[in-house]
Amino acid sequence: MSSTASLICDLGRDFYRLGWATGTGGGICIRDGAQVTIAPSGVQKERMTPEQMFTVSIAGEILSRPDDPSLRPSECTSLFLAAVRLRDAGAVIHSHSIHAMLATLLFEREFEISELEMIKGIEGMSYHDRLVVPIIENTARECDLAASLEAAIIGYPRTQAVLVRRHGVYVWGRDWKQAKTQAECYDYLFRAAVEMHKLKGVSDASLSSRSAESLVRR
Amino acid sequence: MSSTASLICDLGRDFYRLGWATGTGGGICIRDGAQVTIAPSGVQKERMTPEQMFTVSIAGEILSRPDDPSLRPSECTSLFLAAVRLRDAGAVIHSHSIHAMLATLLFEREFEISELEMIKGIEGMSYHDRLVVPIIENTARECDLAASLEAAIIGYPRTQAVLVRRHGVYVWGRDWKQAKTQAECYDYLFRAAVEMHKLKGVSDASLSSRSAESLVRR
Amino acid sequence: MSSTASLICDLGRDFYRLGWATGTGGGICIRDGAQVTIAPSGVQKERMTPEQMFTVSIAGEILSRPDDPSLRPSECTSLFLAAVRLRDAGAVIHSHSIHAMLATLLFEREFEISELEMIKGIEGMSYHDRLVVPIIENTARECDLAASLEAAIIGYPRTQAVLVRRHGVYVWGRDWKQAKTQAECYDYLFRAAVEMHKLKGVSDASLSSRSAESLVRR
Amino acid sequence: MSSTASLICDLGRDFYRLGWATGTGGGICIRDGAQVTIAPSGVQKERMTPEQMFTVSIAGEILSRPDDPSLRPSECTSLFLAAVRLRDAGAVIHSHSIHAMLATLLFEREFEISELEMIKGIEGMSYHDRLVVPIIENTARECDLAASLEAAIIGYPRTQAVLVRRHGVYVWGRDWKQAKTQAECYDYLFRAAVEMHKLKGVSDASLSSRSAESLVRR
């Protein structure tokens, strides 16, 4: 278990640098068989140590906890476990990336994008497919997201991610590697959508018809 | 005291990498009981050493100083101490983040934002609350900001930060961890406001009514 | 061979940090005489180890392979080898940089730019030259790009790079150093084109004629 | 001399990470008395070693050179020495920052900005001063910039920097620390000008009059 706990600390530093886990937000859980390792709530994700980790069962019972009595398991626990239970995920990442948040402002109920190479990084998707990510509405308390997250996972059987409006995204995978590389692909796609949106606005207003067409037609 | 001095040097490197402390600007003070550790003025914040630190009382008297006679305490000292005295802050961060500076160009007297998950990272705030940060006008000399900073702290009893027009932001917390994580949340919110502003401009001019509505309505 | 394998792992970390190789995408091959070292497909490019590398002949035969039987050579192999064969390249870089991808949205068949200092970083180009980079259309499978990549390399004898629409770019050089520094110059130029595009849109709509002229005239 | 040579290598890595020295461009020279240490031309600025450095006199004579016979002194040598001679600079930085380059597209002959805190980081300037940076036209060969760079230094006795159109910037200081911190302040100011330009465009087109006024009035 301790190598998983160390890995979560390493990934916490990586996700902080990527802008996914600033201000104690964001995080990752990793499952080993029937045990899920989860970080504590409200700590700096780039400065965690292995002794601070919790392990919980897939049903959410605490199996082991850190010595520090002030620590509580991540607020994301029930959300993480939804993806573990419903999709047999081996790892789930929650990101507060500003690209994910901004992408939720551009769409009503579903983020969608097509014909970008990075779509191929998502399980089961190819270049010409239309990638759809459901967007659920945010709630005042993170745990209150569980019901709508579960509904989105069930309603979109092909998705590997659920966006949360004005908040961020949950991404999972069969193991931590796939969860992480899929999270990177999704993050690129959210950022690409925001940037293409900005260029489209510019083009329509002021560019030659050739370039504007090029943006619209593709 | 020396562990606090080392921590300030570490955080100086972190803040430099975040773009909060370039060109010798920005910084942090940390209070241990009645003693406040403060960096010197005009030095590269990513290359400080513990021997360069000052300690001052809460009233501003110098308690200890570095051997190097050319060093003077940070220009921010009186501003840092305002938050220590008026809010019992355990640490105060001053950031020159370009996101904070740009955010001061979008609002008259108060930065305000609502319904973003990162608002929950600010003491006492929940998702649906309207987060308000007072903006004070900049002055030619940093020490001349003290009176208006104090007035803003008193006038906005719920705020954990004060923006300075065309300059940056002061953020505090009960200890260095809370000051830092709150500073990260504020920085995200300032950047989000700037980016949403850009997208809104684009949307109004050129996007489908669906997307534009989505931006306006939320 | 092992120093080349280590170098590829180092460069993988660098390219990941630059945003060229996220989500297992992107990569580099390096040729030593008649042997080409190539990374495996579908692995995290910032976490590779030297034992994971393949060596192939210039014709594409596998000369040595890693012990791990689950690894296959990079999907880019036939594309990398096209530049090796047709241009005697000593190294080829494939980047998924978002700047390269966005640049392909602004042009029909050829990216072009002129009068930027960074153009001088490209073999045989000077400041006043018109730098042209052919853009080929993306395909569902990476290996299906080989024919159009070869055609572009042959059709543009002066180019050191080929863009792939909505995907990224291939850049080569006589050795890994030139391939890398040229890839950096191209990446800057793609980003510059996107940023100049945004500023041009803003200028036309709202700036003083002086500034707008300045943008148009140059 | 060897500590200066090591420092240049360290700063090369820093400037590469800041985006000032990609693709072998950019660099720094440091003067110790009558000797100036200068990096070689055309090498990766983040991978230099102390043995690769040249030393030259203020008049430009080579005093010592690296063993590697393929190395030539930086193309910037005569430009660096102009600031050393005319301003008694202790260090000169050349940056290819994209913010500097984009800033040269927004102005005719002089970059100017006022009322930003970071202006105070420039020697002799205060918050309300109008900071002016002359812009010289780029040339096909870097050494051909010398005459116009000298003319700009003489013509603008208060400036600590000269911008080069569609290219980058030269910044100097009394020693490497001041040159570096001034270069950071200038870089922030160039980026701020570009970002404020984008926001102004957006505001004029689509924002409430309150925010637009706020941008214009200040």
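Per-chain numbering from 1; labels A, B, C and D assigned in written order.
Note that in this section a contact is a pair of C-beta atoms (placed from the backbone, for glycine too) under 8 Å apart; a residue touches a chain by one contact, two chains touch by 3 or more.
Owing to the predicted nature of the structure, the values given are computational and were not obtained by experimental measurement.
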Each chain counted as touching chain A and chain C at once: none
Labels of chains that are neighbours to chain A and to chain B: none
Rotation, 0 to 180 degrees and nearest 5, that superposes chain B on copy chain D via CA atoms: 90
Equivalent interface positions on chain C and chain D, same or different at half: different
Farthest chain relative to chain A (centres taken as mean CA coordinates): D
Distance from chain D to chain C - Cα centre to Cα centre, in angstrom: 28
Whole-Å gap separating chain B and chain C, where each centre is the average of the chain's CA atoms: 40
Of all residues in chain D, the ones touching two or more other chains: 198, 201-202, 205
Touch-based graph of the chains, sorted into line, ring, star, complete or other: ring
In contact (per the touch rule at the top): chain pairs: A-B, A-C, B-D, C-D
For the chain C and chain D complex, residues of the former touching the latter: 115-118, 121, 126-128, 177, 180-182, 184-185, 187-188, 191-192, 195-196, 198-199, 201-203, 205-207, 210-211, 214-215, 218
List of chain B residues in touch with chain D within their complex: 22-25, 44, 96, 98, 101-102, 105-108, 138-140, 164-168, 194, 197-198, 200-202, 204-205
